[in-house]
Each structure stands twice: as structure tokens, then as C-alpha cells.
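When the chains are written out, they are named A, B and C in that same order, and each has its own residue count from 1.
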Amino acid sequence: MSFGAENAPHPSASRASPSPRERGEGWGEGQSSDRRALIYWSGFSVVVALLIIAPLVLPEFWRRFLTEILIWGLLAMSSDLLIGYTGMVSFGHSAFFGLGMYGAAAALLWFEPPSLWLAIPCGLIAAAAVAGFVAYFSTRLRDIYFAITTLIFSQIFYVVIFTWTEMTGGENGLTFSRPPLAIPGIISVAFDSRTLHWFVLAVVTLSYLILRRVTQSPFGMVLQSIRENETRTRAIGYPIERYKIVAVMLSGLFAGLAGVLYAIQNRFAAPDFVFFLVSGEVVIFNVLGGIGTLVGPIVGAAFFLLLREGFSRFLTEYYLIPLGLVFIAMVIFVPQGLLGFARRWLNQ
Amino acid sequence: MSPGEPLVQVDDIHTYYGKSHVLHGVSLEVGKGEVVGLLGRNGVGKSTTLKAILGLVRPSRGRVLFEGRPINQLPTHRLVRLGLAYVPEDRRIFPLLTVAENLRTGLDRRGVTAGRKRQLLEKIYEYFPRLAERRGQPGGTLSGGEQQMLAIARAMMLEPKIILLDEPTEGLMPRMVAQISEVIDVLHREDVAVLLVEQNVPLTLAASQRIYILEKGLVRYHAPAAALRVEDAVIHQYLGV
Amino acid sequence: MYIPFDQLLIQTINGVVTGMILALVASGLTLIFGIMDVVNFAHGELFMLGAYVGVIALAATGDFWVALAAASVTIALLGAAIYLTTLRPLLGRDPLTTILATFGVSLVLQNYALWQFGPVARKIQQPFTGQFTLFYLDYPWYRLAIALISAGIIGALWLFLKYGTFGIWIRATTQDRVMAQAMGIPVPWVLMAVFAIGAAMAGASGVLFGPLAGVNPTMGLDWILRAFIVVVVGGMGNLAGSVAAAILISLLEAYASLWVSPAQAVIVSFVVLILTLLFRPTGLFVATPK
């Protein structure tokens, strides 16, 4: 599934004949890829450094805002693994996110004292379980049917969580306290907004590096080949369903991780986050930022949240009207997203 | 359109399929009422040329003129209203429409009276009695040969000035091939021009006034059909196995 | 667990009535999908805005039927506008883009309604009150009327598609868009008209449904989900299938709500969808799986 006109052989392509570079006959290919790696990692370090310094110079509100951007960015990035790399558009990520949140909430409410290192695995297990469940049913379906099925699954979990008031607090959700950053027996220090930000940054950066490794591994290559031409990949002999299931579970795992982080930051879990509209927003982040880039969705989340902040200052609660219009315009005119132009570059 | 001016003129068109350069500057023309054959091996761009004329593929360079007017920019359905009709390689009749409904897609045009529609239908059912028999059947249930007849009949319902035929005899039994030959003759007698893309050399030579031979996206040879024989060297060169 | 017969009967009729409205909404959706491969996420909002236009028109003229007509026409125009601005530019591209674009449209329309009309529910008066006696029960006439009107509209649509030039154009375009163009059918206009017709049907459904439950900006959300389910279960692009699926699902939900709360009864339709996708992915009523 190719998003935007970039890869599709379209009858109306009216370009001059391809340059030697495009045909792949670049000169000094080895040299320039080393240079590209250097530029890439320098850029990466600069960005991370900026993000580390940021909480030191920003006022409290923006500190939290930046942390939220990172969390939503992680969620969007997890979804990119499916959309951008495997070509599967999922509207189910709100379920993984939400279950990660509730899983962490459960750990923080049931166990005394509330422990970070219990919350994380609980959230991840809950998300992985849901992802496995969803994956089992939906991966045998293609395209639109996959999208609709994952959407329906989000709703199933929403309805269950919403109505199972005894377990989940129903409509009101669950509130709990934030666990300290603790290494048992050694130190225990409560999070403030700076240290929480650094913790989230560390988790997100690590997740990015892991996902990047995955997309560049042989496994990731198979996923991309599924995206390009599923029938041919199957014909070559790969058990596509299994790859897809793993992809969904991996994606769900990182989405759940984002849910855990959100729970820790905001100290509540609510069914609203499981509602399918949240999944829709996640896909919006992906498209705005550029699918298939991993970093793009984070930028997309930032772009969306900043626009929302901006619009809501001037237009109170109806910010979604101009925001929606901007989104539609981008889908039509800039389908490759903000970072789409750098897609090939970001993936080398 | 002045006399002597070709009905359809294709002028140095280039097309691409993704990065692949398919037509490298094809030029040809079809006069009013003429039957022109376009021969060539598989994949040289014969179908693409027809599609470019119809606007189903947009040339990146070059022009297509109809009755002297450039038609490159027109949307396909507008072109067709000007007087072009198309019978594609895989027939592509509407499978869930009945035979009669398929014909109606060509008949239901502006400026055609109910009486004229009945006339045209009767005429076509005379030419193709098999279609008359099956007029209430869904197009998808017809045999390959019958579908080919339906595709041609449907195009004739447009009362076009030129019909673009893409490999009409492909996969047909000899009896049906003969019938196709007859249909082309009928069209010629009715002063409908035909641009015939084919791999069947004898049929094309017999039916056409002029022949173009295409190879690798370019016209390599052009001659009156009368001047060519099946066993000629040039035929072997561009079409031989 | 004994369910009294009269409750069962009422739920059956309720199920059929809701089912017919759902069928009307879903028919538009499936028609649009069949002809242009667009999953119209904004369909629920077209339903909702139709209801609001109904409220306004009813307040202005006092006549329910005029309101119904006004809503249909207005939403048809809105549909045409949406098609021209957001869908036509996206026609050749990946189907994902249209899902996203219509999702964006749905967000905009929902919030527009919230902005213009506020979150408090409005009411549309029933055009006639009164109940009839079925066995020993009293059932409102209006609900029955809804079912009949919806059936009538769908029937008219079916006739329109079967006979008449435009109907042939629509069906031809659905089966082979390129060849339809090559036959001189003005495909761009056909697509716009179909979208407008689908939108009009959604808008009309909104007005018909209005008296049953009130009109608020989020009423479209429930319906879009159910409509998606109906379209998939009925077979995408299959008009008769959607009608059958709509009634089936509504009946099942109606029966389910005898035992569980309506919020939970919706899970029934989810289960039907999943079962369909597992065993008959091209649709419950479609004979040959492609």
C-alpha cells in the first residue's frame, strides 16, 4: 500500500526520463552512505540534546506539554510500524494504549507501595494480551476490512471498560498516585515534572532505537516487502500471517508502553482513551508527520498538539474545526506528511 | 475539418508507466472511413497507443488531434462524445448488466430519439443474432466470443466516427475470427474509421488500407496494406517468432 | 429466565423499525463504497446534520414532511460539496486517504454542530401521534410509519438503479469505471451524484429518527459504527445485503437489550461482524467468496 503518489505507477506520470541517480547508478555509494549516517546521528544527537535541556528552560506548563507530545509520539510511532512499514492501517491502537493505561493503573492501585517497575510490565502484559487477541482475528483480513475490524475491537474494549464499573471505574475511570522513581533498596525519589520528562524521554528514545533496529532487521525487511506486494511475498514462501501477528503485537506493546507512561504522568485512566476516535487521532498524527519514518509520527503528534493548543486559545473548544480543515488539506496536498520528503533518508 | 485532413492524428507522443518509458514518440494518422492496422509484438505499446488516443493514459509529450482539434486535455468521456469508441483488449463488457443494458450504455446519449434508438438496436440485433437471443442475460454469462461481439456492438451504439479495436480476435475460434473480419468490413462500408490493433497478420492485411508496425514504442514501418504480404521480410523482422 | 411474549413482540417490531432506519443509512454508505471505493466516515455526521436541518425546518414551517424534504435536499448539496472539495482530488489515490479525509470531515462537522447548536439535545415532534393496537399492546403509529417510509425510499432507490438511464450509468460505473468513461458516461458527475444521493439518504434518516431519541451533535457516532458493520456484513456494495443485515443486526440488538443494557447490547453487532469476517468475509448474503 503506497501512500501518496510516490511509488504508484500512475498513468498520468508526466516527468522527464529518470536521472542516473534515480536509476540507482550513484557514484561513490559507499562513501555517501557513511556521510549520511554521520549526518543522521549528529542530527539525532542534537534533537535529543535539545529535548534534554528543554525542561530546564521551559515553564511548567510547556514542560508537561512536551512530555505529553513525547508520549503521544510514542503511541503514533508504534502505529507507524503497522501503517508505514507493514502497510496495515490500524484503527485499534486506542485499545492497546488504553489497556496499557489500565494495566498500569491496576498495578498502582493493587500493590502497596505503588511501584514503577510493576506498573510497566503489568501495562505491557495487558496491552500485549489485547494485541494478541486482536491480531488473531484481524490479521487474516486485508486493507479496509482490517481497519474496520480493529476499529470495532477498540469499541468492544471501550464498551466493556465503560460498563464494567466494578473493575474499571466505568465512566469515571480510575485515579491513583504517581509511583516514585525507585530502585528497591537503594534510592526512591518522587518524580517531578523535569525528572518525569527525562524518564519519558529515555523510554521514548530507547523505543525509537529499538523500533529502528527492528525495521532495519531481516524481520523488518519482510514487513516492508509485505507492504509492497503481499501476494509476491507469500508466493516466495514467507508465512505472512505470522509476520503480521508479530507486527501487531510489537506495535501493540509500544502503544501499551505509551499508555503506561500516560498513566504515570496524569495519574488517571479513563475509557475515553479507548474510544475509537483516539485511534483516529493517532492515524492523523501518522499521516501529518509522514508514515514510514518512525520519527514522522512524533513530529505529527507535536504538530497536531501545538495546533490544538494554538487554536483553542483563540477559539475555545471548537478548535477541531480549523484543525480538521488543516488535516484534510494536508491529506490532499501534502499526503507524504511533514517528514515524508526525508523518508528514504531517515530509513537508511 | 478540412478534406484531406486526417480524422485522428497522433503526433510524437511519449508515455511513461512509472519510470518506464513506454511510447518513445509515436506518430500515426487515420483518415475518415479508413481502416488502419497497427501491428507489433506483445508489449511494444500498441494498446498504450490506443489508450493514449482515448485519454486513458496521458502522454507526457506530444499531441493527439481529432478532426484537427487537440484532444489531449479532454476527459475521456468528453472525447468519446466527440465520436471515438473503444473496444478494449479484454472486452470489458459490464458483467452484471444485461446484454440490452450494455448496449444502452452506448445508446443513451443526448440527441438520440427513441425511434433512432430502436432502429439502431434492431440493426445490431440483425448483425448479431446471438446477442438478440441473449438480450436479457447478464453480460458476464456470455461466452468469450459473444462478449467480443457485445463489446463491438456496444461501441457501434455510439455511432462513432472511429472505433479503436484492441486485439479483437485474441482467443477466438476461427469461425468467430471470420465474423470479426465481416464486422470490420461492415464498419468500413458504413464509413466508420477503424484503428485495428492486432497480432493476426493475415486478417489485418486483408481488412486494412494502411499498416503501421510498432516496435519498442516507436513506429518502425508504414505502408499501404496492398503492398505487404504475410511472408515479407519486414513482417518477419518485426513480428516473427 | 422467562421473557413475557409482549416484550418479545415489542422488541421485534422495534428491531425492525430501527433496522429500517439503519438500512437507509447503510444503503447510502454501501452505494458510495460500491461506486467509488470510499469509506465515508462522515456519514454519521450527515445523518446528524440532517436531523438538525429537520429541527430548523420544522420550527420554520411547522410541517414535518417539508422538514424531511428540506433536510434531504440540504444534505444532498452538502454531500456534493464535500465530494467536490475533498474526495474528487483524492480519486486516483490509495483508499486510505479517503478514509482519513472523510474522518477529518466528520471531526469538522461534529464540532461545527456542537458550535452552532450546543450540546443540549433538541427535539423533533412526531408528525402524528397515536397508537394502534397490536394484539393486546399499544404501539405508536409513527414508528411503523418510519419503517414504511424507509422501505419506500429504499425501494424507490432500487427501482431507480434498475431502470432509467442514470441507474444504468451508476451500475456501469460501479462495475468498471474506466470502461464507463470509454462509453461516454460522464463519470465525474455520476460519482458526485451518487455521493449526494447517499448523503441525502443519511440526512433523511436523521429526520425520521429525530422524534425517537432527540437530536444532539454526537448522535452520528453510534450510527456510523453500526452502519459500517451492516455494510461489511451485508457485503460491500450490496444493496439488498445491507438491508437484510441491518434488520438482522437491529433485531439481535433489540433482543439482547432484554437482558443487558443497551450500551452493552451493541456488542452483539460487534460479534456478528467478527463472525462474518471470520467465516464469510465477503458478506453473509453473498454467495461466492471472491
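The criterion applied here is as follows: contacts are C-beta pairs under 8 Å (C-beta built on N, C-alpha and C of every residue); 3 or more make two chains touch, one makes a residue touch a chain.
Small disclaimer: the values here were computed from a predicted structure and weren't measured.
Of all chains displayed, C has the C-alpha centre closest to the centre of the whole protein C-alpha set.
Between A-C and B-C, more contacting C-beta pairs join the chains of A-C.
Here the spacing of chain A and chain B, counted between their Cα centres, is 52 Å. Centroids built from CA atoms put chain C at 33 Å from chain A. Computed from the mean C-alpha positions, the centre of chain B lies at a distance of 43 Å from the centre of chain C. Counting only residues that touch two or more partner chains, chain A has 8, 10, 12. Residues of chain B in contact with at least two other chains: 56.
Of all residues in chain B, those touching chain C in their complex are 54, 56, 75-77, 80-81, 85-86, 88, 92, 94-97, 101, 104-106, 108-109, 154, 158.
On the chain C side of its complex with chain A, the touching residues are 39, 86, 89-90, 92-97, 99-101, 103-105, 107-108, 110-112, 114-115, 225, 228-229, 232, 236, 261, 263-264, 266-267, 270, 273-274, 277-278, 281.
Remark: chain A residues 1-5, 8, 10, 12, 89, 137-138, 140-141, 143-145, 147-149, 151-152, 155-156, 159-160, 162-163, 276, 280, 283-284, 287, 317-318, 320-321, 323-325, 327-328, 331-332, 335 touch chain C in the complex. The touching residues of chain C, counted against chain B in their complex, run 165, 168-169, 171-172, 175-176, 178-188.
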